[in-house]
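Data first, discussion second: the structure below is written as structure tokens.
Note that the chains take the letters A, B, C and D in the order they are written out, and that residue 1 is the start of every chain.
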Amino acid sequence: MEFASDNAAGVAPAILDAVVRANAGFAIAYGDDALTRRLERRISELFERDVAVFLVGTGTAANALALAHLSPPWGAVLCHSEAHAIVHECGAPEFFGGGLRLVGIEGEGGKLQPQAILAALDRHFGLRPHQMLPAALSLTQASECGTVYRIDEITALATLAHERGMAVHMDGARFANAIARLDATPAEVTWRAGVDVLSFGATKGGALAAEAVVFFDPARAETMAERRKRGGHLVSKHRFLAAQFEAFLADNQWLKLAAHANRMADLLAAHLASAKLKPVWPVEANMVFVRLPQALHERLQAAGAHYYVIHADPPPCTLPQAGEGREGGTSGHVLVRLVTSFATTEASVEDFISLVKSAY
Amino acid sequence: MEFASDNAAGVAPAILDAVVRANAGFAIAYGDDALTRRLERRISELFERDVAVFLVGTGTAANALALAHLSPPWGAVLCHSEAHAIVHECGAPEFFGGGLRLVGIEGEGGKLQPQAILAALDRHFGLRPHQMLPAALSLTQASECGTVYRIDEITALATLAHERGMAVHMDGARFANAIARLDATPAEVTWRAGVDVLSFGATKGGALAAEAVVFFDPARAETMAERRKRGGHLVSKHRFLAAQFEAFLADNQWLKLAAHANRMADLLAAHLASAKLKPVWPVEANMVFVRLPQALHERLQAAGAHYYVIHADPPPCTLPQAGEGREGGTSGHVLVRLVTSFATTEASVEDFISLVKSAY
Amino acid sequence: MEFASDNAAGVAPAILDAVVRANAGFAIAYGDDALTRRLERRISELFERDVAVFLVGTGTAANALALAHLSPPWGAVLCHSEAHAIVHECGAPEFFGGGLRLVGIEGEGGKLQPQAILAALDRHFGLRPHQMLPAALSLTQASECGTVYRIDEITALATLAHERGMAVHMDGARFANAIARLDATPAEVTWRAGVDVLSFGATKGGALAAEAVVFFDPARAETMAERRKRGGHLVSKHRFLAAQFEAFLADNQWLKLAAHANRMADLLAAHLASAKLKPVWPVEANMVFVRLPQALHERLQAAGAHYYVIHADPPPCTLPQAGEGREGGTSGHVLVRLVTSFATTEASVEDFISLVKSAY
Amino acid sequence: MEFASDNAAGVAPAILDAVVRANAGFAIAYGDDALTRRLERRISELFERDVAVFLVGTGTAANALALAHLSPPWGAVLCHSEAHAIVHECGAPEFFGGGLRLVGIEGEGGKLQPQAILAALDRHFGLRPHQMLPAALSLTQASECGTVYRIDEITALATLAHERGMAVHMDGARFANAIARLDATPAEVTWRAGVDVLSFGATKGGALAAEAVVFFDPARAETMAERRKRGGHLVSKHRFLAAQFEAFLADNQWLKLAAHANRMADLLAAHLASAKLKPVWPVEANMVFVRLPQALHERLQAAGAHYYVIHADPPPCTLPQAGEGREGGTSGHVLVRLVTSFATTEASVEDFISLVKSAY
């Protein structure tokens, strides 16, 4: 009953096989190899335009490098107040960005709304040179609350950002989960909707350690190679990053793995709802947020179920219902996050649900 | 009718005289001169303990150097959401701090409350190494809303900060105005109440350009000399900074100048209140925030009154009454800031009030 | 005939097998897993004391994080003028170190000499706060010229560094090659000789991507976890880094792989010497630097031999004989670097030597 | 007998008068005042083209802001190995430049030679993205050794820099001394010769604290205002900076003051040469470098003469004669620097020379 993180899963077999296969012979280091070239073409095909691709080993690196490239040190990056970049990257964007500022903006279900962005722009910016320049907007797709931006939502946000001179970044650590859910192509969800740069994650989706920063306008990527190198993120045996990503994309593997994870989340959500434990946000990717009675939570933990209690107070996103508490609150409930992955089995979901039903 | 900023005033005569006097002969550069040594001793006397003093030319430098010295690059500095450091320094603390983060916290009348700090700590921190470390608390005394922290308020905030491992910084750009208002010594308002480092401003109070970073524990200042130098803030003809500060402090000049500015603010406030234009926050320093009817505002501007309209939406601090708007709002009011200084004359206050009364 | 880089080799079979084995089941992410704990203990055993270990994916990350941890932003790191950190990391140490300075010092055969360090200290440092503080000394073991520091050499350098208040860092990207050559234990070559922090490389030695920053005094590593995280170098599926390193160390694999590479370099050197192409520096690790006649060089390239021409002018380290040139020089010679690895075969060495002999 | 530094002098009377005069009335803060606008036009006139001007309070700030604006964080700035920016600014350019690298290049008499720059480019740069990008060349005019670049020398260096994609910065802390010596206009010595950005110093020349960063292409200065602000270098009572600079330039004051300082240096040099103490470099500005016998040095010090002993070993620039030592050397000589200023009197020069002659 492993629902703590999609990072707790190992490597999807097809991807691990590709790593093993890539080990044959010698290959020039630092990304000048044939496999990397092929992967770059593949990603351009996937997005239906020429893109510039920079592979790195962690999602934090992808986000921090991308945001630092889109904002001057005196720029601000607007993102959701619960975005991974602001909450869980220990200041990596600020570090890579030479002191740029992340401005967290509240929004229901982990999603940004144009009105809130306008209000933030109005409040914090405008008086040059005393105030920082709004430089980029960062959206997480799928969001940290397990929701997914629709194309029109992305378009509206990107249009607003561009009108105000801001670039648009998408944190796609769970991009596969979003695409697997939406009836849309990768191009439609990104550059056609106004996204300038994508952190395209494969690790949570089944790779060992492989993330791609994708620039939809390759000219924008000038000197990104230097930025990556001096961040220590140019991997020497680079073919193995490319091999992972190639296998991730081959034969729609990425969408199949993500669709499985999404289905497992749906299954969890459906069962929980039928047990009167309705998820607090729509379950649109591979995460289920639900309030559990304290006693149930304790029994689940004792039985070996792994998941995170959300400690934020207020909870990470505006809650749909008032009057319910977090861990230790008066209501005796905890808000927990259940994450599924390509490796989640129906059996483990059913075990979990059985425990819930028996205990509740 | 100059109420735009205390920086619009020139230099107080006694201070300018001291600059002229300091010009006699040669003096060793970079702060190794006798005048600087004497001033350091004078500041130690003022604060009733040995302190380490670093003079710089701007308040932004003082704040940024101080905060960078108190926080590691992966640390966060908590401050009021309208603190000068977060709103009007273009990211200087982040720059000097190597990417530290400023976390703005809302609070009535420009003042922080312990509960709000606890809530912020609870929400944003705790998961190492994914989250930044809370490193410092920065208070502005007098605050950006023209209010003044009482000693017990400072003590409560500092105690909380220290309990959580945070250092305490005070932005005293208008420290003189606060001391002139409070029945308290500089020591009581700072280190005796738990303040670790003070940005002690003289510029707004009548100097040409002189601010002091004061470390109440000199051991804490190790390598601050290098930090200042590489920030470009070690002035070569340093005696002139020391001369300004010495004259500022001599014969209680600083408190006399500040008391005058405060009195002018009181006078403005009293007259405005009698005209049914009650200031929105208590007038405790040299600033008056008041909502003016749009028509009155326009007539004042036309008559040459200088002051700033607060453009923030919502206004810079939580407003005491709902239903009233900012510039262009439906209510037809604008929230404006009137700042007095050592150079403000009673005549200019009376001219302004006459205009208000005649126009209103 | 692949002699371009040890990074051109793939992954040693035992290490790749370990990666595959580590894929079983779930494991908590970000280094809190059992495999990582076990590896940490293993490295402590190897070095015969409790150490703090931080795994990362690249050698540049290891060096930059280590040096940034040892030097304040206003500090200088002294290293050989041809050190990887100063020549081939695109400013990563400066970036991670918030603007620290690398000071390159010349030295025969890629090795630093105490006298040269003293001269550099005398020339560039001492006037506070105008000059940077000497903060760390970085040695590369084995060096970029393929030579190896003896224990007494390390001790002399470390003693000097410590006397001057500098910490000692060892860039051990090819630490295995050095240990395999020296009749000494890892402890003797590091902390017993005065090394404070080691970048312990496995990648060039046969891993996929695994480097360890080893602090011999764990207390010194405080907040290194935050530093790594915000550098984007905390790998989520961390067990795979630990698995690589564990297999690297298991059963002396690391020394066996390195000994093979060293032997192949010896073989190359011996054959070249017998062809009157004596290596320019002692061949003590897995690299051979030799001057080739231009015509021979061209024939080797045409035949598909891969190696780098050293483009530096003067060559990367002080040359033992005067009067000989680099590529395009009047002498018609090029200085080239031949690198062997665990994957270098005797056959490829013999092919190369045959070509040399037939062509020469 | 004050020859330690031109910073030991106070403020030239005409400049101090202007500061006092500027104190009348109120003025909008932060550089939006009429005096600043007028000064900007004056500097454009002086350079015979529209320039962008940014006033700051220290030379280190001017240099660091300028270089950071010309180089990306992964760029290198080439300068003389004894340039103030690399030797005496405690890493300010690296700090402001987000980790850029200063590459010091040796050159006779404090001046760079094209061949040495080409050699440095050849040695340290070229392999992307592993090596930093050469981004700017910084010349000091007059140099730290008291010499002055001729126009054709500047043109040759700037042409080379531009051909290699580097911008050209001139550190003009003693620009006045150079112009006063050369038969050339400010335009000829700067942008007409290829200089892109000038740190135009007034402080050493007689101001209290005023330096200007001058961009000869105003478009290049975009966001420099933000850079200055977040560096803490936007002075609030900005009119006083402008007043100093205006008085410095008015009525050729700057050149008159510099010419006097130069004459005093010439006088010192002539007398010393007649006493067989020939300066080691041509005396072209306001500095004389000379080797003094140890006994003479001690007698001068005892008599109250102030000057600096150059502690560098080897001395700061390549010495014209071999066999002579520095302080404590076997030869019993010390290399000393004598600096004159607008405030140096003929009497003090004569006193010094009398001492020399009597003692020698």
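We take it that a residue touches a chain if its C-beta (ideal position, glycine included) is under 8 Å from a C-beta of that chain, and two chains touch if they have at least 3 such contacts.
All of these numbers come straight from a predicted model, not from anything done at the bench.
Colleague: Which chain's centre, taken as the mean of its Cα atoms, is farthest from the centre of chain B?
Modeller: With centres defined by C-alpha atoms, farthest from chain B sits C.
Colleague: Which chain pair is joined by more contacting C-beta pairs, C-D or A-C?
Modeller: A-C
Colleague: For chain B versus chain C, what separation do you get between their C-alpha means, in angstrom?
Modeller: Spacing between the chain centres: roughly 51 Å.
Colleague: Taking each chain's centre as the mean of its CA atoms, how far is chain A from chain C in angstrom?
Modeller: A distance of 35 Å separates the two centres.
Colleague: Return the distance between the CA-based centres of chain C and chain D, expressed in whole Å.
Modeller: The answer is 40 Å.
Colleague: Counting only residues that touch at least two other chains, what does the list for chain C look like?
Modeller: In chain C, residues 30, 73-74, 89-91, 94-95, 98-99, 129-130, 132, 226, 229-230, 234 touch at least two other chains, as defined above.
Colleague: Inside the complex, what are the residues of chain B that reach chain C?
Modeller: Listed in rising order, the residues of chain B that touch chain C are 30, 72-74, 98-99, 128-130, 132-133, 223, 225-230, 234.
Colleague: Can you tell me which positions in chain B touch chain A when the two form their complex?
Modeller: 73-74, 87-91, 94-95, 97-102, 119, 122-124, 126-127, 129-132, 311-314
Colleague: Taking the touch rule as given, give the residues of chain B at its contact with chain D in the complex, in rising order.
Modeller: 2, 4-5, 7-11, 16, 19-20, 22-30, 56-62, 64-65, 89-92, 94-96, 203-204, 208-209, 226, 229-237, 240, 306, 343
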